[in-house]
Structure formats: C-alpha cells, structure tokens
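Structures follow.
In the two complexes below, subunit A is the common chain; its partner is subunit B in one and subunit C in the other.
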Partner chain A sequence: MAHILPSAPSSLLGRFMPRSNLALARLGVVLALLALILFGALRYDGFVGLFNILSFLKFNSMFALVALGMAFVIMTGGIDLSVGAAAALASVAAAICSTYGSAAGILGGLSAGLAVGLINGVVITGLRIQPFIATLATMLAANGSALLLAGNQSVSIATDNNFMAIGLNNFLGLPIPVWIVVFAYFGGWLTLERLPVGRRILAIGDGEATAKLMGLHVERTLLGVYLFSGLMAGTAGVILASSSFAGQPTEGIGWELIAIASVVVGGTLLTGGVGSVGATLAGALLLGLVFTVINFENGKGWISLSSSWQPVIRGLFLLAVVVLQAKLAGTRRNSP
Partner chain B sequence: MLLSMKDINKSFSGVSVLRDASLEVAPGEVMALIGQNGAGKSTMIKILTGAYRKDSGSIQFDGTQVDFSAPAGAQAAGIATVYQELNLAPHRTVAENIFLSREPRRWGLLDRRRMRAEASRVLARFKLELDVDRPLEDFSAATRQMVAIARGVTQNARLVIMDEPTSSLDEREVGVLFDTIRTLKADGVSTLFVSHRLSELYAVCDRVTIMRDGRTIGQHPMSEISRVELVRSMLGRELTAFATRAKDEARGSDLPVFLHAEDLHAGTRVRGVSLQVRRGEIAGLAGLLGAGRTETARLIFGADPRDGGRVAVEGRETSYREPVDAIRDGIGLVSEDRKVEGIVPELSVRENMTLAILPKLRVGGVVDRTRERAIVDRFIKALGVKCSSPEQPIRELSGGNQQKVLLARWLCTDPNLLIVDEPTRGIDVGAKAEILKLLRELADDGLSVLMISSELEELMAAADHVTVLSDGQSVAVLAADELSEERLMTEMAHQNEIGSEGARAA
Partner chain C sequence: MSALDTAPSSTNGGPVERRLNARQATLRFLGRYGTLLVFASLLLFNVVFTPNFVAWNTLTLNLTQVATVVIVAMGMTLVIATGGIDLSVGSVMAIAGALAPLIFLDRIVPIPSHTLGVALALTLPLLAAALCGWFNGFLITRYRIQPIVATLVLFIAGRGIAQTFTNSELQTFNEPSFQFIGKGFVWGVPVQVILMALVVLATHYLVRRTALGRQILAVGGNEKAARLSGIDAAGVKRLIYVISGVLAGIAGMVVVAINNASDAARVGTLMELDAIAAVAVGGTLLSGGRANVLGTVLGAFVLQLVRTTLLANGVPDAAALVVKAALIIAAVWLQSRAERI
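And now, the complex of A and B:
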C-alpha cells in the first residue's frame, strides 16, 4: 500500500548512504574496479606501467564508445543489438573511403554507423517495431552488408595519407582514441545531467506513454538516441580500421553483449529510466580489465588459459558484480 | 466561457463512443464531469487534450478555435491534465517532474538552481514542503498528485483536468487536494473534476455535467440537483440496487466463527489488530488509507510475516508462511490493485479465470479443456460477466467485469473465506451495486467475506459488521445497526487529529 505522509527527513545514517540503488550500483562498480587494479598492481610487474595503461585504454576505447551509445538507448527502455555489426560495417566503409583521403575515411565510417542508427530509429519510432526485433534485423543486415562490401575479407586502409594516424598517434601524451572517449563521455555526461534532453531521455525510459502525455517529443528523442548509438558504433569502426590498418567485416561480433554488460554493471536499469554515464565508463573499463588481468596471469606462466576461457571468466565476473549490486541494493531496501 | 466543446462526435472502428457531446467550463469554475464507465468521459477528455482526434464538432478554448493534435499543444495552450494512474516519471526528481519539457535554462544548460527554487516555491503555494531533489517514487500518492498539479500550475494552466484524482487518496489527503482546487479557483483557474464519489462533487464543485452513452444529458449547478437525481440521470434508470439490498435481518451471532485474528503485529503498520469473521457473513474492514487494512489482509493471507499475534481458522491456530498455505485452507485474496496484482491483461477471460485452478484441471499434465470450458461458462453466467466470448482478452472488459472475473478466479477454487480489498474501486455505480449484491449472495450460500473498503456507503450497504482500524490498531467493531457515516468517521478519526478535518463531509 502506498505510504501516506511525505517521507520523513532522512535519518543521520541515511545522509551518509547513497540515495538510490543506482548510486549503490555505481559504488559497487567503482569498488570492483579499484579492487581489480590493486590486485593487478600488487601481483604483476608492469601492470601499472605507462605503456600498459595506454594500450589498455586504447584497446578498450572502442568498447567504451559502443557502451556509451548503448547506455543512452537502454536508458530510454530500448536496446540496440546492431552496434557490433554497425562498427564492423563502419570499419569496412572507412577503409574503402580512406583511399580518398583521411577525412573521407572518417566521414565514410561515421556515415555507415549513422545510417544503421537512422534505420533503427525510423523503424522503431515510425513503424513501431520493438527495439529488440528492429535492431536484431539491422544487426544481420549490417553484418551481411559489411561482408558484401568487403568481399568476404578484410580491406586494407590507404597508407599514403594520415588516416592511420588516428590509431597510431598520441596527442598530448594520450592516444587519439582515448581523447575521443574523453570527449564522447564528457558530452554524454553533459547531455544526460546538464541538458534538458537528458532528463527527457530518462523520463521516456520511466514510461513512454506518460512521457507522451507530459508533452515530451518521444519519437524525436528516441530517433536521436538511436542515431547517437549508431554514431558511437561508427566512431568505434573508424578506430578499428585505423588501428588495425584494415576494415574488418567479421569483427564486432558480440560487441553488443559486451556493451550491454558494461551498461548493466554500471547500474543502468535494463527497464530504462535510470542510468549513469560515468558508471558506464567504469563498467566498460572493468570488463576490459578482467581481460587484461587474464593476459597477465597467462604471462606469469602459472596457468595457461586459452582465449576461449576469457569470456567464461568475464561472464562469471559480471555475475559476481551484479550479485554484489543486488545485495547492496537489497540491504538498503529492507532497512526501514 | 473558457472552454466550450460542441457537437463532438467520435467513433472507434465503427463503434460510436461520442454522439454530439458537449461540455462547457466557465473561468474560475470547478466543473464536475460524471457518467458511468463507457459514458464517454475519458474520450471527451482525451479529445480535449489532444490524445485523440475528434471526428467532428468544435472546440473553443479561451476565445479561439482549437484542435490539438498532441498533448504538447494542449499544454502550451494552458490545459493541464492530472491523470489517475499515470503518475509522471517515478524515477525522476520532484523538480524535474514539474519542469519536464519546459526546463529553465541558462546558456542552454539546465538551470538546476532555479528549477529547484521554483519547484519549492510553487509547492509552497499548496502548503507542501518537500525535498525536491528526491525521486518522485519516494512520496505518497497524494503528494505525487500535488506535484502533477504543481506541474500544471507552472505551465500557466487556465484549466486543470483531474481524472479521478481522489481514488488513491485518504480523507485527509482529499482535504488537501480540495484546498488546492480552491486555491486554483481563487486565482481564476478552472478545474474539470472527474470522480465517482458523489459527496466529493458536492464538496468542491460548482456545476456538474452528466454524460451517458456518449451523450451529454445534463448540466446543473451542484446546489440544484440532489444526489438521487444525479445518480438517476447518470444511470438513466431508477437506482434500486444500491443501499437497499442491505441485511434482511441482523445476522445472528450464532453462526460459527470461521476466522479469528487476535492482536496482530507487523512492523509499524499493524500494531494490534483483532477481528473475526463468521461463516456466511460479510465482515467489513474500515480505516483511512495507511491505517493498516491491506497489511492486515496480507498478514492473514500469509503474504507477509507477522511479528506477533494469533490467527485461528475454524478454531485451529495457523502459521501460514506463504499464500499457498492459506489457499490450502480455502482462503482467497482479491487484491486492491486489479491492474498490477490481478488480471493478466493479454490473456483471455477464460485463461484469467482458471489461472488458480489449472493444477486441478490437469489430466496427465494436460489441461482438460472440456472441464475448463464448463467451469468458465458456469461462472460467466453465474456472475453475469459481460464479454463477447470466453476468449475475449480481459483488457477489453470494463472494470466491473474484470473484477467479476477475478472473483470467479477465486470462487472456482471453492473457498471458505474471500478477502476482497476495495472490490469496487474504479467501477461505475451500477456495476458497484452488482458486485455488492453478488458478494451478499455468496455469503448467503455460506462463504465468509472480509471486505476492505474506503467507501463508507459501501460498508453500510453490505457489511454485517465493521471493524475499524486507525493507525494500525483495531479501535472499534460496529454492528450493522450501529453503522452510520458519522459513526464510522468518528471511529476512523480515533486518536488521529489530522484525520478529523472532515474534508469529505458534504
């Protein structure tokens, strides 16, 4: 039964506790991240070395970008299964276009990502198809298009211009993909927390019908969110092409799941309405870090895990974090 | 006139739901809009607010011809709507909910400080002091409603539409809501007030528009129409079923006691509740919202653990740990929230009805469709469920018929005690009387009923005795001949000063 009185002022204890389950989840993911870094730093030589840190960040930049787009989609209560395939398609498009100059390469990759996002948005808002189905279809279509476009093999990028610089060069000591992540996440945070549209995205996730009755432009906002997810996938595709010197039509398989995992670990509700940009980044880094730790462990020679084991361990780790979050949230819910 | 809707027609897939309907609201006026379910009230409102488009007719608002194609347009023009169930965005803060779609900005960014300050200021006008940074879901239904109204006010609304705003409020909260309406009125803002509770209309409304079968059939000043006339014109027939079908004779205390609960305790909500239900009687459970009625029912049903007290069924002490245990003893619970805990909207009438007895209908793991069909047909007929066929999705049924299906779901388990929580909430007057009559007939056949209700008239009409809860304690048991609105309210307000404003007394 609903409570009657406006809730009493928070207790002294309450003041020092995170206000929401989301805040607790954020706390959980940050704690897990710190614990894993500490573990790695104590156990492995070179784990906190500059080279390792930079290559870790660079490698995970693609996942972080895709996860950011996914986070916004999930906050509206939707899902975007096409991000991995869109990134692969974008990498092929970028590689092909790079022969016309680095700008053309970038533009080609981003356009491919945006095109997938546009189709998603139009099908979901215009034709009222459920996001799961719509993006499943575009995932298959993008995957096929990438293979067709690339002729079933990877496509080399042009090496006579500076398209490859994106993946190779540093700027002010940081790899360019890392800068892209910094800007994208800052923009994402600003949008979510400081711009009106961020509040509306969350309100739509809270209840689409309600949002409509409140006079929000639901279709327009959703279209924007899927376009953004496509743009992020396209950016990841450009980075992929540039740093591996080739468009990779078969890369990107399973990226959408890593992205969803990052978002969920970051405390964003799969049902929408609640979410955090910062915690999504922490979630993406956490999942990447598990991978790095396994590599280091293999390097120590104590164990030798094949690459097939990595997803298993990632999965178990993800489960552990989610259970931890549920426990934290549970203790709070049961306390008076 | 601020608003004047004329000759509005609307049909859905060939079925006409509005026929030359009209509605007028003067500036600063509180207009009641009443009618049975299906009379066309909500369609009328949805056309006004742009959620639906009219087929023909004219709408004039504030001197100009309007035809909104989306809710955003109506809001911009100064029409704010407070919906019954859709309560804004629960995860967002109070301040955000008030300003969503018109957030104050500075250099394109959210001006969060101003948003907070303005939100607090507008809430203060309604004597509400809230932490506007907390998510809306942290607050009570009444507070959420106030927030919705505050949202309307900041939109410079000239007309606030309230669709059954009081259905989830207790007496005191209704009082606060009425003060709010009066504040709006003093500022020249009009209110369109939809409610099933007649006494509320008399307490706060200036005029009433009555709709029936898609037509507007009357418009009267509240002071010039009696309750009986009002109900009569709403139903279009003599109202006989209500209140008259009471207890023929005072039910003897010689009937054996079926359920005896003593000194129940659980958390802060239930702090000493005792009650008993005899075989074949309807026991009422009254109290303000938050008095612990639903919580008590859940304790008896084994849905929540109890901290103390005893429950005896037919003299045997029980310790149910899960509802399954209670069901085994023949106890059923029809919960308050039909939509959330009761019906499965996409499933058919048949499937909804047999949900609880499917295990019993199995023959070698497969449901015996012939027997299932026989049971469904029997109850559809016995309870008078109006549906095109047992295969019709239950969501297409009216509230009253959905409730009957839920009752049937329990009745086909052949229970000894049925706990019904607000059995007539959101159901129109005619169907209400039918549900009550049905419960009475079931009781006459030996079923024990524990009926929780917020509507005093309903308790007086149907219950053999009423246990009154106040603040988690049972404070009185009133026999049938002691029942009066006055007495019930006095007991409910027991040691509960804030409850005694008597806002609902007409």
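And now, the complex of A and C:
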C-alpha cells in the first residue's frame, strides 16, 4: 500500500500489521481472493488445474491491464472513462496494421491507445476540463473512430505473421498476455512505491493545489498518468485483437466500469491520494474469479445460474466490498 | 467580478485591461449563449440545406427520439446539482421496461381485470424504479459511498436483474392501452413528448419555485453549510435519487412501449452518458450547486440535432459520435472559461 506519508513501521510486528483501516480493507481483498480460490479448489475438479488457471489468467489479463492504468488515474483524483473504447480502437488499429507485420500491428495498437491518452491528458491539463467529462467525450470519439476505421464490423488480423502469437503462444509456460501483466504490474509497483513520480502522483491526488504550490510538475505528471492509462488500454486492445483474431470495434463497452470496480475493490478510494498496485490486481482477479466460480457451479449441475446472474452477483460483490470499505474507512475519513 | 479575480489573467494597466474586458465579455457571452447559438445555427443550416427538414414529421420524429433522454436528463440535472452522479439510470430503465410487460402479460401473477393489469403495469415498475433510486441514495447517505461508486453497483447489477426477470428473452407484446405512452398522440402531439414537457416543467418549477429546489442547490454548493443551516441534506439527496430513479423508470417504459417489445439487454444502454452529456452541454457544472434545467433540455436538443444533421447529410453515425465528443469538450471548455473570468 502506498500513501503520501510513508510511516515507518516501528517494530517487526508493525511491519506485518495493517497500519490503517484502509490497509485492513486491502488485506480483506487478498483474503477474500484466497478464500474464493480455496473454496473453488475444494469444491470443483480441475479448478486449480493448470489449464483452468492459465486460461483464467489469460482471459483476465486485458481487464487487469486496463485496471492498472485506471488505478493510477484514480490515485491522482481523476477518472478515465475512455479505456474501454480506447482498447476497442486499439484492437481495430492493431488488426489493420498487422497486415504490415506483427511489429506494425503491436505499434499500431499501442499508438492508438496512446493517442487517446494524449488527448485526455491535453484536454484535462490544457483546457482544464474535469476528467469525467473529458474522458466521457474521448470515449465517444474513440468509439466512433473505431467504428469508422473498421467500417462497422470486426476486422480480421493478418494470419501470415507472428501477430496472433501474442494471444496464442506461451513463453516459459505462461501465456504471453500473462507475462505482459506481470511486467506492467511490476513496473507499476516500482513506479508507485520506489520512484519519486509515485510520490508525486499521490501528492496530486491528495490535493492538486497543494502539490502545485510545492513546486511539483502537476501538469506533466497528469499527462503522463493519462498516457499510461491509454498505453494500458492500447496493450489490452492488442491482446484482444491477437487472441480473438480480429479488431473488435464494439468490444470494450463497460470495461471502464469493470476497471473502476476492480480499483475500488482493491481499496483505492476514488478521492485520490491513496492507492495500491497489488490490491488492484487482487481486485481485478477477484471480480474475474466470481465469473469462473459461477461457471464451475453451473457445471456441477446443482443449480443453474444463467449468464444474467453474473452481473447481479458481481454487483452484489461490489456492494459488499464498498459497504465494508465505507464502514472500515468511515471513522478515519470523518475525522480529518 | 472583482479585480482580484481578473488579476492573474491580465497584466494590469488601462488599455490592456479594456481589451481583455472586451474579450472577456465575448467569452462570457459565448459561455452563456454558446449552446443556444449552436442550436440556432444548426436549425438554420438544416432549414436551408436539409431536404424536408421543415415538416411536422421531422419535428415530431426528433422530439420523440429526444424525449426519453430529456426525461432521464432532468433527474440527472437534479442529481448533479446535489454534487452527485447517477450511472444506474440505464439499468433502471431496463428494470422498469422488463417489469411492465411481465405484469400486463400476467407472467408474474394472473390479474383478473385487464384494466387493472395495465394500471398496475403503469405504476408498479415506477415503484421498482423508485426503490432502485432509494437504494442509491441509501448507499450514498448512510455509508457515505461516493455517488459514482454507489450507482455503479446498480449499473452493473441492474441490467442483470432485468434479464433474470425476463430469462434474457425478448418479450414482444401488443397492448395498445399500455403502448399509448410511447405510440399515442394527443392533438397530433406524441404522448412521450407531452410527458417530456410535463417533466421539464415540473423540474423547472421544483428548482426555481420550491424550498426543496433551494435545498438541492444548497446541498450541492456546500453540504456542510447546508446541514448546519438546518437542511436535512441526507433526506434531500435520497429524495433526489428516488426522483432520478422514477424518471428513468418512465423513460424505460416509454422505450419499451415504442418498441412493442422489451429487451432487457438493450433498453437504456449508454443512456447515462447521453444524459450526462446533455447536462454538461447545457451548462450545469458537474461540481454541483447549480441546476440549469432549461439548459439541459437545450443540451439534449443540440446533441439530437447534431446527430440528425449529420445523418441527414450522409455522415455515418460513427462520425457523429466524434462530432458529439468535440461538441461536449468545446461547450464545457467555453463555459468553464466564462466561469473563471
């Protein structure tokens, strides 16, 4: 967990004890994740089998990446509603560019994501428009651009080069998207916990005016954060195109809200100033795992939960987490 | 505007000050009337260039298309005025839209009287929608959960709830007495347009003429101050989310009535974005404490007219989205610039 004022643990015990109610909430997410995995492992055959684990991780890698970008944006006190549309646009761009080689496909997808992030950053810092409105607009624009580029249908990727390997192949036993997630989250953790820019991001989330008075490069940092979110969306788009063999202009609707839910479940407050990279991953995996557990439960045949129950259960999950979080954090937030 | 406010943007001195003032005046004018100007010029453009634009059918078609957005956006304006946001409106529309046909088709319980069935179909979904709104308000006031997260719960779960009601099946029906709200005409005016007008008038009256209206603005402007001056801030907020829920419920039923069918997966999708965009273009700041009711109507009309204009002139719907995005940014930028003068 990262906070703007790192309080040094006074004892060895202190190092392992949650230092605040929020940290306790985050610990709760990890415990809930472990409990759900244990539940699944005991109840279903093949739940902890290699195939299931790998396909689960691969499928959720896109959501995990988008959630990581969202986590950084939310830590600065902002929000990025454009990530889903940006990922869809990136998948179309990647599919179109993949005919010029796998590198071109990757580059095309990433640049599409970065372009959306750049517009977000410029509109928010340059025109000083609230992130909610700015990214709402770029969401519409990215959605429209994706449909225009793709001609209102999915665009198949080139199959004569290595582009589809990203979504298909394994490296050292793990699917490539999973490696990307590992690197992205390690980089995210490093940035937040070990680099000056991490402190800067949290300082901005704590109070933008104060951060500015402290002489921090607020605008540059915000621009970087929205670029990063765009890059993550672009990466998710490349994975989407590669693993579904097509650029999907209408995918990604609602991804932004799933990502926000993951970040919130991960204990990051939407007010900014606090955040955790690890708990965001736990949050994203937890929400994904709910789906998997329902699928396995259906497979057992005791009950039959139709797919429409999945959002209901996910919503209830989000509800439980935010109410719990509010209760735990309530005392702390009410007495500043 | 005091000198202190203008100081950072000007370098002082007489002539410079005056030139800036002229610019500032233009900016403020554009910030206030920019949306109206865009609306007027779009109308003018269409009258001149779009064939068959000046026709009763074009007018009623556009009004029927925009009616549900305006109805939902009225609730959104109030919610945003209290400093909140309601992402759940689309899902609430789906819930109300799924429930209504279930009731008059006797899918829940057999209702002996046909009239009673339709009457219940027109009221019970609104109760359900009110309950959804109350739930949002409860989360926000009781647990102090941020509105965007609190309403995210129903945004995610609500559509699923609607789909479980209908087993994810498309429900088709032919029930003229119920469908009157979506397909009926009174003196040549579509019923949902009349509904829209009534909702707009009621909201305008509420904000301008009632104590509750003042309380909404006070809560959105400074909640703590409002509480200290004796306003039941939590009660006001809960009521506003209930109103937003009910209006979404009305819109959901109208959509279903128009379509002769209820498809829980599609009713009201992306409605929250359309409503928020209308509010933003209409000049209500998202920070709360303001409610420009007629501005929101204008905002919704402009966004609708942009779409009509582009479609009528052969521009694909996807490109209209990009234009819409640019319009939202431009409108909000102008208004916030005018605000800072």
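We adopt the following convention: the second predicted complex is superposed on the first by the 308 of 336 C-alpha atoms of A that agree within 3 Å, B and C clash if a C-alpha of one lies under 4 Å from a C-alpha of the other, contacts with A are read in each partner's own complex, and residues count from 1 in each chain.
Following the convention adopted for this analysis, a contact is a pair of C-beta atoms (placed from the backbone, for glycine too) under 8 Å apart; a residue touches a chain by one contact, two chains touch by 3 or more.
From a predicted model like this one, the values you see are computed outputs, not experimental measurements.
Contacts of A:Lys327 after superposition: subunit C is touched, whereas subunit B is not reached. Residue contacts after overlaying the shared chain place A:Ala284 against neither subunit B nor subunit C. The partner of subunit A that touches more of its residues, comparing subunit B with subunit C, is C.
Using the contact criterion defined above for the overlaid structures, shared-chain residue A:Val274 touches subunit B, although it does not reach subunit C.
Within the superposed three-chain model, A:Arg200 lies in touch with subunit B and out of touch with subunit C [touch as defined at top]. After overlaying the two complexes on the shared chain, residue contacts for A:Thr210 are found with subunit B alone; subunit C is out of touch. No residue of subunit A lies in contact with both subunit B in one complex and subunit C in the other.
If you check the complex, the residues on subunit A that touch subunit B are 1-7, 9, 19-20, 190, 194-196, 199-200, 202-203, 205-207, 209-217, 273-274, 336.
Within the complex formed with subunit A, the residues of subunit B that make contact are 49, 51, 70-72, 74-76, 81, 83, 86-92, 96, 100-101, 103, 105, 108-110, 128-131, 134-135, 138-143, 151, 168, 170, 172-173, 267-269, 288-290, 293-295, 336.
Of all residues in subunit C, only 85, 87, 139, 143-146, 148-150, 152-161, 163-164, 167-168, 264, 269-270, 273, 276-277, 280, 286-287, 316-322, 324-326, 328-329, 332-333, 336 touch subunit A in the complex they form. Contact residues of subunit A toward subunit C in the complex are 79, 123, 127-130, 132-134, 136-141, 143-148, 152, 253, 257-258, 260-261, 264, 270-271, 306-316, 318-319, 322-323, 326-327, 330, 333-334.
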